[in-house]
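Paired with subunit B in one complex and with subunit C in the other, subunit A is shared by the two complexes that follow.
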Partner chain A sequence: MKISLIVSMILAGMLLYPGTTIVQAEITDQLVAEDNCVSCHLEMEILPADFQKYDIHLQRGLSCAGCHGGDPSSDDPEESMDPKKGFIGKPALKDIPQFCGKCHSNIDFMRTYRPRIATDQVQQYYTSIHGKKLKSGDTKVAECVSCHTAHAIPSGKDGRSTVYPLNIPSMCDKCHGDSEHMKGYKIPTNQFEKYARSVHGINLLENKDIGAPACNDCHGNHGATPPGIESVSHVCGGCHVNNLDYFKESPMSEPYVDLEIHACEQCHGYHEVSKTSDEMFGVSEKSVCNECHTEADAGYIAAQKIHTSLSNFVSAYDSAEAQLREVQKKGMDDVEVLFLLKEAHQVLIHTRTLTHTFTPSKVEEKSQEGIEKSRQALEIASLEIEDYYFRRRGFGIATLFITVLVIALFFRIRSMDKEEK
Partner chain B sequence: MKKIGEKIYTWVDERYDLSPILKFMSEKNVPVHHHTVWYYMGGVTLFLFITQVVTGILLLFYYRPGADSAYESMRFILTEVNFGWLIRSIHSWSANLMVFFVFVHMFSTFFTRSYIKPRELTWLTGFALLALSLGFGFSGYLLPWNELAFFATKVGTDIVGVIPVIGKPIMAVLRGGEDVTGATLTRFYAFHVAMLPAIFTVILFVHVLFVQKQGMSEPEGLSKTKKTMPFFPDFFLRDALLWMIVLNVLLFLAVFYPWDLGFKADPFSPAPAGILPEWYFIFMFQTLKMIPAHVLIFEGEVLGILFFMIAGLAWALVPFWELKSKRKGLSNPMNIVGIISIIYIIIMTIIGYTS
Partner chain C sequence: MKTNRRKFLNFLIGGGLLGWISSVVYPIISYLIPPKIPEANVSSVSGGMAADFPTNTGKIIQFGRKPVLLIKDDNGEFHAFDGTCTHLDCIVQYRPDTKQIWCACHNGTFDMSGSNVSGPPPRPLQEFTVNIINDEIIIINPTG
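Our next item is the complex of A and B:
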């Protein structure tokens, strides 16, 4: 009893120790070696093409029979793959959600692996376009295996996973970018190209910022569905909370609903959301306000005022930043200037967010706050630069004074030497 | 004004009889020959020490030792205190120049054989002053509590810990514990502003007293017609002239190459690349780096430290084992010892900075 307790504790310790991966790999190797399904299929070279030992099910001790049923302890194929022993074999495409859901929808079973694991994937799936179409008999649509693979499923946090954030856009694009596959669905197939050019795509795919939204962040995961007119702003507002709140209270909110215009999408686009700039506001050619407003209407004037406030602020901020670079170049103290400019930058972000109120007075008020901070930073930076030249002038005067003394001493010493001679 | 001066002199003279001092000063002469220039090195070192004391006291007005306050108070000195940047930079630059001139003074004394009888104790006190100067440098380096100083102190005290038998206890005493922490900082502060200055001042007084008592040493083999110049005012004015030039150099360095403060030390962050001790420790640091981990049955680092301890002891005791020879230049064995030492220090320092 005592020995088994000690052994259990050692094994538990081994699993908790950083070497867990090594221990798991050993378990997997042992499982593969002892499981008759694997050893037999391996010998006959009929293992599934995507079979990987890093599959999380294998890692957690679930072998083939865990999903496909049967008796892996028997080396007799007829016995091990006997339907009477629960053998299912390869499930039909339409049955895959239930096939995976056997375990993944069972909270009692799943919580033994992770207490807070979600078990509503199948339920959500049937609310999605994919799920609805599968139910109606369309087997071209995505089911569990289409996104997760069948036998190579690592944890979603593993970079090898098809549903790891960086891999999601290309995973969705496998079907959604295939015009042949998508024929008949009447939706475009260039979303990936557009997304890759967007500010979200650049951040995720080029900068490898997994905090940037991928397809699922807007469309949902298992309940994937295109957001409707009502919900599109909520999708963007999920992350851009303040922008949405300001917009809702803005004078633009109601007319947008009346005109059935997508709130965010109207100015920013959707898959191809480009990086915003202050030029988007105002009345110049780059402005998006021009698309609806014409000269002299209230919106046109408001856009012009907001752009002017923003430009004045940015100009003050840029001047202070240029002076900061000069301070740094001269090796002077930049701490206070940096601090003020950080504050000004925060105000700038807030001011840009406030443009979604479409209220010139609010933007102007915040801009003035930022201009004041930038002015203070500029003033301190200028003092530092002045101090830089003061130090040099001081050194020049000191050198002059010392040089006069040195020359006087030199002549005094020379005259003394002459007297002694 | 002159009358007031005379009155003060008379007042003091009546009470303390200043005539022996005046007599001594008026009769004090300095030999004149083609090595006279080296006599000024001690004076320059003294000037830099005085600069250290004055700027150090000014820094003390604002400096607050402690892991949470040292760096912040240094930043305050550099950014808020009037001319704080100048005082701090002069303090740092004069510290480095002082160590440099201590070395120049020492090697000039070595090559001119000024250490021989009867000046053995002058050499010994001078060597003690060199060791204390290095101690000043090592302890002062940590005081700003910046990243570079923190890790350099860690490495430096680690090396001390390698010394057999006594290393670990010394390391613990230096650090005030097992690791370099705020306790090390306050300890180094005590060394830097109290202990070392007190010992240094006493030994410096004795050193200068020996020089005054025995006079300047004259190198052997000079012409028999001795030429001298009075210390007051001739030599003194020349000294003053040189001091002013050094002061101007100090100002130039402080204004155009102000000493960096760096980033605040974070004991939990990994050591940044390029951690180096002060330049005057580089030759030893580089030697220890280059010695293989094991030499026969001995640890390389231990051997290296023992080598420097023995070499340092031998250098301190030069007057007692000097290889006597009447040969001049490179054929004199002591000159060869000195030149090899200088070349070794320079080469190892260059490798230390470039590797």
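Our next item is the complex of A and C:
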């Protein structure tokens, strides 16, 4: 009795646990076999083109009738697709948010599947540009299906999902990169190309770092709207928190607001945010300071000083790093050097972040801290290399002594033999 | 002539023996004298005296090649984690205000069990074992 109870509990646990894909697949196969909507449409080869058994609704036991209504137990099409039995059929594009919202906005229903699930997607959607335009009758804009598909919706954490972080940029680009589709909206259609070249795009799309921001991380997802002047810095500051804090306290903050300049975007761009370099600061051709500051003004001089501090630090760091590579190449102990350089690298990141204060003295102070750590690393690395040559010389001398000893012994033994004869 | 040759050979043998003894003895002495630089493979380090460590603070300790974040929480308990953020290798820090581990590079946060809570870090921080022996904090790498 006890054993059967334990077995039942284990089986119930397997059914409830979302990771039990084998059990889920069996349920889905059973559902597909028993559901007349699926079996008829499958037989007549008129299943939706995107129909997938991995769809999360199907996996959770929600078949066609769950969304489209009707009676799946009847094999008579007139009866199973009778509007009197709740059959809705294919919803009009403008009705899709409410169609999905029937369940997804109902917390009592949704919490039976996942207690922590959000149910404000439709509400957020109508605050977005997409939602507002759909409401005004523009059916070209994105609704739920445009992004999530209709019948191939796995969990957002599943790599097959169109809204899995790695897939989001190309998913948005389907419409936003289509100049024909976007005609009349007066917005560019090259965002994806720019994004793919950006530091964020390279990290997400090439390095597969799903921590790197995709379109929705800056624009929002269901409430997708371009960030305004006020919110751009907050969007970037969501991750680059110290950069924003330093900028806000800097002498540049207020003039930017007065001149209605986008704080981060002015120097870094937005979709094409490229990897920052120390050359961005200073007075060279690559500097972004030159765009506003001219020779001899206070900003120009500050930029020059900041660049000098950074360059000195980077030069010291690079020398130590080169010496570290030499230590590693020679097979010597790199523990201390590596740790010091890790610390110096952290200081370098902090120093680069401090450039957002636009205050040369703060950058110089931090640079000196980093230069000192780099100097210590260089010193230890040089000692290790010196030790390597000392050992090599020692080995050479020892070999010489042993060789001389062997030769001398050879002659000594020979002369002793001669004496005996 | 023979005597000179013998003397010369004896001198070479003596010198060679002396050199050989030196080349054997020197590495033994070098081995016995503790090196100035710590060993490459460290399995435990000292984090100082427990009584001297202020509560609700954290500090970075060198653990071989890597930094380890040692924290003393409000209850006086010690926790130690790999100090390198699992996102892009920045060094994390303890924030006494939020009582979380924070990476300043991209605003990633970890809780006091090392689990990644928010921001880009994809994985938790590796936890180290902390033992207090005669009031000394000993941090041990559980994976050896």
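Descriptive notes on the structure:
Everything below uses one rule, namely that the second predicted complex is superposed on the first by the 387 of 421 C-alpha atoms of A that agree within 3 Å, B and C clash if a C-alpha of one lies under 4 Å from a C-alpha of the other, contacts with A are read in each partner's own complex, and residues count from 1 in each chain.
FYI, a residue touches a chain if its C-beta (ideal position, glycine included) is under 8 Å from a C-beta of that chain, and two chains touch if they have at least 3 such contacts.
Keep in mind it's a predicted model, so treat the numbers as computed, not measured.
With both structures placed on the common chain, the touch criterion links A:405 to subunit B and to subunit C. When the two complexes are overlaid on their common chain A, residue A:238 makes contact with subunit C while staying clear of subunit B. Ranking subunit B and subunit C by residues of subunit A touched puts C first. By the touch criterion stated above, A:174 is placed in contact with neither subunit B nor subunit C. Within the superposed three-chain model, A:392 lies in touch with subunit B and out of touch with subunit C [touch as defined at top].
Contacts of A:41 after superposition on the shared chain: neither subunit B nor subunit C is touched. By the touch criterion stated above, A:331 is placed in contact with subunit B alone, subunit C being left untouched. Taken together, the two structures place residues 333, 335-336, 394, 398, 402, 405-406, 409, 412 of subunit A in contact with subunit B in one case and with subunit C in the other. Put simply, subunit A touches subunit C in their complex at residues 209-212, 238-242, 333-336, 338-339, 342-343, 346, 349-350, 353, 380, 384, 394, 397-398, 400-402, 404-409, 411-412, 415.
Residues 75, 78-79, 86, 229, 233-234, 237-238, 240-241, 244-245, 247-248, 251-252, 255-256, 258 of subunit B are the ones touching subunit A in the complex. Of all the residues in subunit A, the ones that touch subunit B in their complex are 331, 333, 335-336, 391-392, 394-395, 398-399, 402-403, 405-406, 409-410, 412-413, 416-417, 420.
Contacts from subunit C toward subunit A in the complex involve residues 2, 5-6, 9-10, 12-13, 15-20, 22-23, 26, 35, 37-40, 62, 64-67, 87, 90-91, 104-108, 119-122.
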